[in-house]
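Below: a set of structures, written as structure tokens.
Each of the next two complexes has subunit A plus one other chain: subunit B in the first, subunit C in the second.
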Partner chain A sequence: MALPLPPGLTPSEVGFLCEMELVTVIPRQRLEGLELLGGPTQSLNPPFPAPLPLWLALLLKRQKRANISPPPWLSVEGLSSILQFETDNRTAEVFSPAPALPQPTGFGSRHDAYLSQDSLEFSPPFLADSSTTRSQSNALPYHWLELGHLLLTHASDDFDDPDTVRRLLRDLREVRMSKLRKGFKVLDAGAGVKMNGVGGMEVAEVRGFVGGIVDGLRKINRSREESRKEREAEERENGLGSSSYQDDEDDMQL
Partner chain B sequence: MEDIEDILASVSKPSIPQRTRDLQALTRAWVNERTSPELLPYPVDLVERVTDRIKTQIETIEEMTGTMDPKSNFTLVILQTELERFKFLVRSFLRARIAKRKIDKYALHCRQLAQTDPAILSPLEQQYLQSHQALLASHYSASFLSSFPQALQKLDDTSGGISMVDKPDEDSAVFCRVLRDAGSVEIQSEGGAADVDLKRGDVWVLRWSAVKDSVVTGDVELL
Partner chain C sequence: MANRLRARPAHAPGPAYLSYTPNGKKLVTVGLNGALRVFQHDSEDEPAVIDVLTDNHFAVAATIEFILVGAEDGSVTKYSLLTNSMEEMLVRSSLPVRDIAISPDGQWAAVASDELEVKVVNTQDMTRVMYLREHPRPAKHVSFDISGAMVAVSCTDGLVYVYSLSSEQPQLVKRIDGLIKMLDNEAEASSKAVWHPDGRAFAAPSSTRDFQVVARNDWKLQKAFRGGHRGDISAAAWSPNGALLVTAGVDKSLVLWETRSQKMLKSFDDVHNVILAMQWHPTDNVLSYTNNNGELFIRENFAPNEHAKLLKIALQHAPMNGDPLNDISGNARKPMLNGVKPNGHVRSGDDYIEGLLDDAMSQDGADFIEDDDGAGYAEEPNRNGKRVARSIEGPQAKRQAPGPVWQPQIHEPFQPGSTPWKGNRRYLCLNLTGFVWTVNQETHNTVTVEFYDRQEHRDFHFTDPYMYDKACLNEKGTLFACPASSHHPAILYYRPHETWTSRTDWRTELPKGEEVSSISLSDSCIVATTTAGYVRIYSLFGVPLKMYRQKSSPAVTCVSWRDYVMTVGNGPVGGDETTRLLYTIENVKRDEICQSEDILALPDGVELKSVFFSEKGDPCIYDSDGVLLILQHWRTPGQAKWVPLLDTRTLDRLASGKKEESYWPVAVANNKFHCIILKGGEEYPYFPRPLLSDFEFRIPISSAPNGDEDEINADNTLQNSLEEKYVQSSLQYSLIQDLVENTNATQTQKLEATGLEREVDKVLLQLLAVECREGEERGMKALEIATLMKDRTGKMLEAAGKVAQRFQRDILSEKITQLAERRLVGLVDDDEV
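Our next item is the complex of A and B:
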């Protein structure tokens, strides 16, 4: 049975990914360590905090078996400093940088099979400490919007000031969306747009638009690109320039 | 300072359990397959390991249900929730591969690919592709192709300069993240071709044809 969805993740699939992020929970009940398919979990001994995947933390939270401590960046101070960066005139063109990355763990080589074990590099949502209490307080991780939304919806009583956090998140989202929209101006057929610091939900939101424009422009510009490539190839071979003049004329007529 | 971090990193590396690594790999396989315009190689070992574990987990859950221990009830809920999440991942991954735009839509192209590189399809997918094609071909010929002249009955005609075999658009734009410094790729901008460096942590919108090889080696992942 084929998947009827168009390419690109849907918002709920992005949310599904986000639920694999580790968060810090403060258990209220004892729970033995579990042998899960995604690796073993730590045993829970109140009141010692433990890292758990978000889906499990939300499950425990809903049954009032644990509290979730929000990551440092999801606080009034953290978000305000990031918002300040985002609204600063000097950084009007870029997103606030993503959290610092650890050293790469392996080296890929042409001989490795696709997704081989030895050279696997970790990335969100599996980066260590991107949303636990040990995460960086001045940078937004890849799943910031989804994580903030889920925590504020299901665990708002674990925040000191949920309303301010919610407002700051919304401000950030708006500032960043308007940056993204401004960034669309530089889109062209070449598809070479750098978007460092972009979030998962933001990608899901603009994918159709950006992809459509880049692909559409590429199709419109195809003949020009091809003639340019031909011309360059000819120049490299030091051939006669006659056919490239021809191409220029064609462009003029169009 | 960096030395210490390096040492810590090298010490902590083996501590990441195999199961977690497999979850990362499976998640990446799923996202890549959901967003790439072309079919990627089939990760045989990974899918085998994961499906084996899912089977064992189902057995464990069945045993636990049998004992009906009230204390283990909650554990059961957690195990089942996780099982469902895993099953969704595997299922969605496999379905994305057969989806309209991959095996179904570009069936003939896939068949040619599989002839040159058998690792791209799993045996089951091969079988599916064959029987699906056979059904389609017999349906077409029964309903209209048989009344055409012999020369026009082919479904994979490549003569006359235009190939009938539909191919995915290799140049379509993809969102990707660089996992390891991966050298530079060429982009075609308005002013001409230019090279951009791919540095660890960068997020780019690039042509699929430019990053395809890096995705297969694991230097780049799709978003």
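Our next item is the complex of A and C:
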């Protein structure tokens, strides 16, 4: 019997994925570097801060072996400036932008970096330093909601003002959800909503609803679609579509 | 004298207010009727009268040139004192004006009315207005602090709101709850915050009818003047030097207090009406007040004779809990420096007042200081017989007056990593191992030592009856030092963190009269510099190893790392009257002097902020310009030079120009500068302990790249960063090479040295690649870069040749191969090229 889960990821699964993010911890005791599947960690040497995956950081935090220093965007100033951007009349239509993308790696001239073979271009959710203390203070990374929630639940004493941060996070979430919902009004078979800068949890949250609508719209339009396909098939049989058939043959041979 | 309590009927019966001009020449009173009166000081003549259109005046404030008068109809009018006529209507509100305050420079006037907002108007240009709006109800009183940068607004909701005017937009700094009482707008009782003349505190009438002092730095309640009044306080005034305080109550009482002891000196019972406004004359022993019956009293010789001398002493400090300055005066250190305080921490605002006071003192001449009971009020000791002292003192002062006495400015001793008192706590030591802080509990201190590594060490805490004021902390133990007191001489106290015997902490007492000026602790020794000019070195278990007189004294500070001890002292005087700082580095175990009395390189006007050894054991300094420098080649006498590692003014985070922050140095470790970021003009870190931040070194080779993202700039940035990297890695290489050559270096250190050597060549290779890409015409420079390579193995030049080939610079590649060949057979030595 199949699991009765909706398509896509559940919130706890998104939260689990978020735990691979690196956060900055301030260790309270020494620890040698660990060989983890995600790569080796730096050895911990108090009071020098070190980046660790969130799950390990939370584990150490629970054992009182480390403090987590929250990323700059998860501060009262950072969040309030983002909230201001979200609620400003001039930018009310768009989501606050995601963090700036790093330069693609790759050698040779700067112009053909995009084309070169060994060039790597990173994009969310695989940006380095999106949640360490070196992250940008004015942009929400892909896992902002999950990370903020996890840190505020397990490491609220490492925040200057956890209650205000919590309130700002909730405000941001509400503002952005309402924007997303506003976007759904225009959903149509051919229409789209621009979702630049939307976080992982938000995507997971609306996936069921949007997926359902788009699927429903597809079903409604199915008769039209089918008739179109039939017509095409007919045309093909009539010999008009022979060229395209030929192309298919070529592809097969390749 | 007998008739001095004659009231001067200034105005129609009803509330009247007054204000002295800052020079004390004139006294202005306002009242219910439509006339202002301008009294001349020291004159029995009838006052000048300015007839005005408004009546029912509730507020007046005067500068030397003009007065501002606020009336019930909501207008604030400016009258000239030069012509005694109206100049302009400065500002108008819809409701009655309650209070006016003028900033000390006379530029701004704060106006409190029954409207919700307080307006701060420029007195020269009335179109420039700032609004203070954070308080929810009308303000009853406003007052400027001594610097004019802050306004305390006493609101009718029972809170004092402190605004800062230093920014374009006034900002609410603090909301002080539980200080003043909720009062009606028209109440006779007052809730006005009155700033103490030293600028560190203000005081306001509390709901318990006391006069409560509030510190400016942390807005905590300090000492209070208690039990003087049975009714609410209606007016209060500090004497111009802050030594005396007068308060008046609605129960028709008038009380004179001594600030230092908060003792009631005299209670006057000859007041028949409620006093509404009160001011001391700026220089004389005269108090003037107006009451709610329209009368003015000018009471000459107000402070009784036995207390009158308190009016003539220098500026007194506001009474605070756990005041560090009290401790200092206990040491009876004379102010031997011009303008520099004994504790070495000059606060903003002090200079201003001291400047004023100095002027006042020089005008008044010799008999200004009259310390006839020997109580030490005056700084200059005058313990001779009274008559003799006077006859000498008079002419002497006159002779001294014309030519100012020249005095060199010396650097005050400081303890690296410590902060001054703020509130009742301070850090004694803050480094990468942990931190030591102390809390003043009046009779004793409590010292807490906390570590970053809680597994390795356990935090501890003890009660400290000796009042330790210096501390050092490292992995092995903690060292404390305390100044001498009446019970004991100066003491050094060392407490190891762990022992395998029973506790082995030890104390050692310094000879009488000798004070510790700085201490330092390393893995193998303890160093203390003293006021007697000695450097005392002990082993970790208290064995005195050696002691010698420091060549340059008085000592400024000392630091140590393993067996190396660096002492800094005041050397010869330079052209700007300040002494040059000289340092000496010696190895205690080998008894070798590495650098003797070498100059600590600081440009003009720049002061030393901190000295410490880096993690690898190289001396570093941090100066007041925010530049971090490291000492290169210091193990060879005469070779040492200071190399900048980082200029914090060129950091990227400051590039936007929006941030105003400074950096408090903590350490240099892991090739990074560890510091605490201080925001908003703070000078020292405070509680809760701020997080450490770290910055990569960046030698200020070229100006920081600006934000333009065009192609040429990007190229330049790459090249600049490579060049910087080259200089930095060759510096690191030379530091580690010195270490390897001069000490019994470990294998890892030797490996690191060769690694760094390779690193230098790698950076050069990258630079070469940049040059090759730029074009054929840059070949000469490329070849020069190739010759810079140390290249012990010969592989680097080979690689350089390959790089040149890849960019098809054939001639260059050929020349590089030639160079490599000549090197191989030893034809090129260092002096050639």
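Keep this in mind: the second predicted complex is superposed on the first by the 190 of 254 C-alpha atoms of A that agree within 3 Å, B and C clash if a C-alpha of one lies under 4 Å from a C-alpha of the other, contacts with A are read in each partner's own complex, and residues count from 1 in each chain.
Throughout what follows, a residue touches a chain if its C-beta (ideal position, glycine included) is under 8 Å from a C-beta of that chain, and two chains touch if they have at least 3 such contacts.
Note that the structure is predicted; figures quoted are calculated from it, not measured.
Trainee: Where does A:Leu56 make contact in the superposed view: on subunit B (first), on subunit C (second), on both, or on neither?
Mentor: Only subunit B is touched by A:Leu56; subunit C is not.
Trainee: Quick check on the superposed pair: does A:Phe48 touch subunit B, subunit C, both, or neither? Answer first, second, both or neither.
Mentor: After superposing on A, A:Phe48 lies in contact with subunit C but is clear of subunit B.
Trainee: Contacts for A:Glu230 in the overlay, against subunit B (first) and subunit C (second): which applies, first, second, both or neither?
Mentor: neither
Trainee: Subunit A residues touched by both subunit B and subunit C?
Mentor: On subunit A, the residues that contact subunit B in one structure and subunit C in the other are 65, 110.
Trainee: Across the complex, what residues on subunit A touch subunit C?
Mentor: Those in contact with subunit C are residues 26, 28-30, 46-49, 65, 69, 110.
Trainee: Show which residues of subunit C lie in contact with subunit A when the two form their complex.
Mentor: That would be residues 432, 452-456, 669-670, 691-692, 694, 711, 714 of subunit C.
Trainee: What does subunit B use to touch subunit A in their complex?
Mentor: Residues 5-6, 9, 13, 16-21, 23-25, 27-29, 31, 34-37, 40-41, 43, 45-46, 50, 53-54, 57, 74-75, 77-79, 81-83, 85-86, 88, 92, 95-96, 98-101, 103-104, 169, 171-175, 177, 179-181, 187-190, 192-194, 196, 200-207, 216-219, 221, 223.
Trainee: Quick one: in the complex, what on subunit A touches subunit B?
Mentor: Touching subunit B: residues 1-5, 7-9, 13, 16-17, 19-20, 31-32, 34, 36-40, 55-56, 59, 63, 65, 98, 101-110, 112-117, 119-123, 125-126, 188-198, 200, 203, 207, 210-211, 214-215, 218, 225, 228-229, 232 of subunit A.
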